[in-house]
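Same chain, two partners: subunit A is paired with subunit B first, then with subunit C.
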Partner chain A sequence: MRCGAGIDARMVDELAINIDPIQAGGRLTADAMKAVIAYGDGYSVCDNCRTPNRLDYISKPPIAQFHKDLAAWLNMDAARVVPGARRGFQAVAHTYVNKGDPVLLSSLAHYTEFLAIEAAGGVAREIPANAQNIVTADAAAEKIEEVKRGSGRLPVLLFIDHVDYQYGNVHDARGIVKVAHQYDIPVLCNGAYTVGIMPVDGKDLGADFIVGSGHKSMAAPAPSGILAATAERAQEVFRMTAITGDMTGRKFGIKEPEMMGCTLMGVTLMGMMASFPHVKERVKHVDRELERARIVHQALLSIQGTKILSEFPRKHTLTRVDTTGSFDRVAQSHKKRGFFLSGALGEKGVAGIIPGATRVWKFNTYGMTKAQAQYLAQVFVTIAQDNGLAIA
Partner chain B sequence: MRCGAGIDARMVDELAINIDPIQAGGRLTADAMKAVIAYGDGYSVCDNCRTPNRLDYISKPPIAQFHKDLAAWLNMDAARVVPGARRGFQAVAHTYVNKGDPVLLSSLAHYTEFLAIEAAGGVAREIPANAQNIVTADAAAEKIEEVKRGSGRLPVLLFIDHVDYQYGNVHDARGIVKVAHQYDIPVLCNGAYTVGIMPVDGKDLGADFIVGSGHKSMAAPAPSGILAATAERAQEVFRMTAITGDMTGRKFGIKEPEMMGCTLMGVTLMGMMASFPHVKERVKHVDRELERARIVHQALLSIQGTKILSEFPRKHTLTRVDTTGSFDRVAQSHKKRGFFLSGALGEKGVAGIIPGATRVWKFNTYGMTKAQAQYLAQVFVTIAQDNGLAIA
Partner chain C sequence: MLFQAIYTLTDLRVLLRETAPLHEFDAEQRAQVQRLLDNLERQIGSLKQEMLK
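And now, the complex of A and B:
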């Protein structure tokens, strides 16, 4: 099937069990798909934009209410939608970071946090994860002291990934916030893998900012995300425009420079809003998701030589696995080399693994039914057996 | 019809002739709608992302080719997609503008250009439009000299709206670029109302940057837009990341800080790509669009007391009209006050006018059939007659 312009219709999630590590939480709900169809046109949410003209004041569709609900759900004071979590990082970094300022983030931080720091002119300083690939409050405290000793200055901002993209490990965001606040360092908690996947309570974490990703974890189209803030920080990052035209004297009302005015004026926001009731419900059922992930983990661990590099017990369904001692051994002599694994998975209806990867790779079981998890578990074992690997 | 979460299905363009000034060029094509349905899921374009990992290198769907085609079509050297034209302004302003730097834009500039300057710490200086609401090269030259005299410094960047959002007038972008380049000032030509609506030739204009809006003028979902640059300027705005992790030594390849890495990873880009062949074709038929607009203009001008404030002859279908001497006179004594006009239009199947507006308002006939234009013309005249206004 084609969509014109040489574009084939994408049917990955219709035809296969998709274990892509970044796509699992961004699949649309049926309601989001309806909203996408109804609000596909550019500027589709602006029909009833009235004074004051800003996206988060539109009441039909209920965008204003969504913003309130979003902030309340995260137990934060204010929220905005942004074109991806990265645009939330950018807004916060741009507000607090000046040229040469040290900024903390973890050794497992997402690259977009680095880019936000770089764009703002800051200097990235990493808090090292420990041997278990967990970022602790002690490590944060040590790094703050190290930066202070080395540069004579305190970091102006700290990013902590609530769950990181490499291991899917849960880090001590609450403890790190506590430490940072002792030095008056504001903290952005990157919930790209948690907001929409598991409960996130901003006040409990103590974070100044919570960032979430619509297309990664809130069953929304791309690019979309959210930036939530405490009342105090909201005044800083969501400050209103003060610029005027020198000839016309024009002013620009309540528009916010860090948001560049309105942000998601159509399909992306409507998809996120339509999924929101489902997302609020699904975060209550992390246990069910982890139980299904466990079925797959047990199968993988039964294949001799396979290791799971993520923390155990798993608290998130994104998992990093090391098959250097199993599937990669097969790849050494297989006529398809490393492509045998993705090929065999594809033949059995499993998509989402990088073709050729047989050493360290990631997958995500989020959203699977139990039957799908059992099937996937069996597929891994069968591929191992078919290729002469021992099963424990 | 509902999409869940209290969201009614939007049917404005299905049920009415929509003359909203900002929505006309952003209605999806049928191919875009197919692409939106196929690529609604978050991160839907990332299935085949391979090293080097960047959106504009993905070959399936043909995103890499689209970027090349886009640059060629605009006769520029490089192009990127961005979450709205404003994010193009932001990237360029952030690259060239430091705190206190004067930046030129026109007295008819869009507010997002002001916000981009404000966010970068610059000082906005307006080039005044002339009595005909046209921004000329002479006015630009005078303003450059005025800024130079006043501050002892030259502006570091100049924004010119190819067609402005207030009158839909075509400004002398080519002449202004010529003047600015005599002072080595880079120029961003804001084509939010032209790229996708009429032919835009970057080399002919001489602009350093061309910005376009997907949701405003390229039949694409929101938020989407494009930023095209000359080879020289591309190296500056699309510079690659240089930041590293101090503990891990991590580097981030070819990611671009001003783009925050990848930009439109799903439905927005695919909608834009699917519409692109249609958009390329439609820009060749501006005359047809203007002919249809003319039918409506003539009808409006036949209503005694009505003025069209946009330049004549019209070169763009976005038009600013003054009905203070006609429909607003009716409003003075009508029981519905100013709401009689939008109400009467609504009853006759016309949407997109701000409810209550009877003095100065804007509309856009872009994309109408001739029959629709004739119908709309008749509707205006009928409403005028029904309310006792004289028709010339």
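And now, the complex of A and C:
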């Protein structure tokens, strides 16, 4: 079955339980799939764009209202949609960071935070995570002081991942914001793994900016994301254009330079909007998601030699596991070597693990039904038993 | 009617996702599949009438 020349129809999630760590929260809702079908054409949301011409002013479809709802939902004052969380990082870094400025981020930060700092000419300074792979307010305070002592300057911006991509651990964002604000350092809270997965309250966290990922955690097509700001910071990062053409005298109305004008002009935004009511509802049920994750964790931990490297008990469904003492032992003598695990999982209808990985790997149970979680748990145990591993 | 038919198929698609990989339907899901397929047949019938008249 093909969509076009050389493009097979993708049926991963129809045929298998997909535990890919980055794909789980971005799986579309039925309403998003329907929106994608209707709004696939390029500038499809622009049918009723009227003066002032800007995406967040369009009222049909209700994009203007969506922006207001998004900000209110995150308890922030203003929000914009952006082509992925990374473009939110970039807009904020470009606003506050000048050449040579120190910028703080954690030792577990996503690479795109580094790139945003680099593109703005800043210098990345990492706040170390502790032995439990948690970034604390104390560590942030120490790093601020260290930067101040070393360079005689304070960092101009601080990024903190609400939940990091490596361990899926929840970090002390609120405490870190409090410390940073004592030094007047603005804070961007990276909610790529939390906005759309669990409740996020910007005012409670105290963050100047909240960034979310549509395709990672809001059941939206890629690339999509959100950048929300406090009223004070919104004036800075969402400032309007002031440029004039020297020959034509042209001006560009209320367009925002950091957004490069309009951002998501079609299918990405409509997918995000169609999923939004479902996303608002699902964040209230994070306990149900964790309960299903626990079914799988218990099964994995019953396999002798298996360790969970993420904080435990889990507060997020993205989990890093170490099977060096179990599945990797099998891989040493298996004819398929390290590929036996992904192969065996694939034969049983489980997708999403990096082929060949048998030591340290990640998975995500988000969005699974209870029956699927039970099935997945049984699959791991069966593969272990079939390969002679002891089950506790 | 065209979109209704496509959206009915989309609902079936989501059901396949929710029951992967075995696609063993419980009584409620089976009833839902039946209802969706009945709707789809009606929608296809209407499309035939309208597009081939």
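As a working rule, the second predicted complex is superposed on the first by the 392 of 392 C-alpha atoms of A that agree within 3 Å, B and C clash if a C-alpha of one lies under 4 Å from a C-alpha of the other, contacts with A are read in each partner's own complex, and residues count from 1 in each chain.
In this text, contacts are C-beta pairs under 8 Å (C-beta built on N, C-alpha and C of every residue); 3 or more make two chains touch, one makes a residue touch a chain.
Please read all numbers here as calculations on a predicted model, not as lab measurements.
When the two complexes are overlaid on their common chain A, residue A:A64 makes contact with neither subunit B nor subunit C. When both complexes are overlaid on chain A, the residue A:M33 reaches subunit B and subunit C alike.
Applying the stated contact rule after C-alpha superposition, one finds that A:I134 touches neither subunit B nor subunit C.
In the superposed pair of complexes, A:A357 makes contact with neither subunit B nor subunit C.
By the touch criterion defined above, A:L154 reaches neither subunit B nor subunit C. Contacts of A:L309 after superposition: neither subunit B nor subunit C is touched.
Shared-chain residue A:D13: touches subunit B and subunit C both. Touching more residues of subunit A than its counterpart among subunit B and subunit C is B. Of the two partner chains placed around the shared chain by superposition, subunit B is the only one that A:P257 touches, whereas subunit C remains out of contact. Once both structures are placed on chain A, subunit A residues 13, 27, 29, 33-34, 37-38 are touched by subunit B and, in the other complex, by subunit C. For subunit A in complex with subunit C, the residues that touch the partner chain are 13-17, 27, 29-30, 33-34, 37-38, 348-350, 369, 371-372, 375.
The touching residues of subunit C, when paired with subunit A in their complex, are 3, 6-7, 10-11, 13-14, 16-22. Of all the residues in subunit B, the ones that touch subunit A in their complex are 1, 3-13, 20, 22-23, 25-29, 31-47, 50, 60-62, 65-66, 83-84, 86-87, 89-90, 94, 107, 109, 111-112, 114-119, 124-126, 128, 213-216, 218-224, 241-248, 250, 252, 255, 257-258, 260-261, 263-268, 270-271, 273-277, 351-352, 354.
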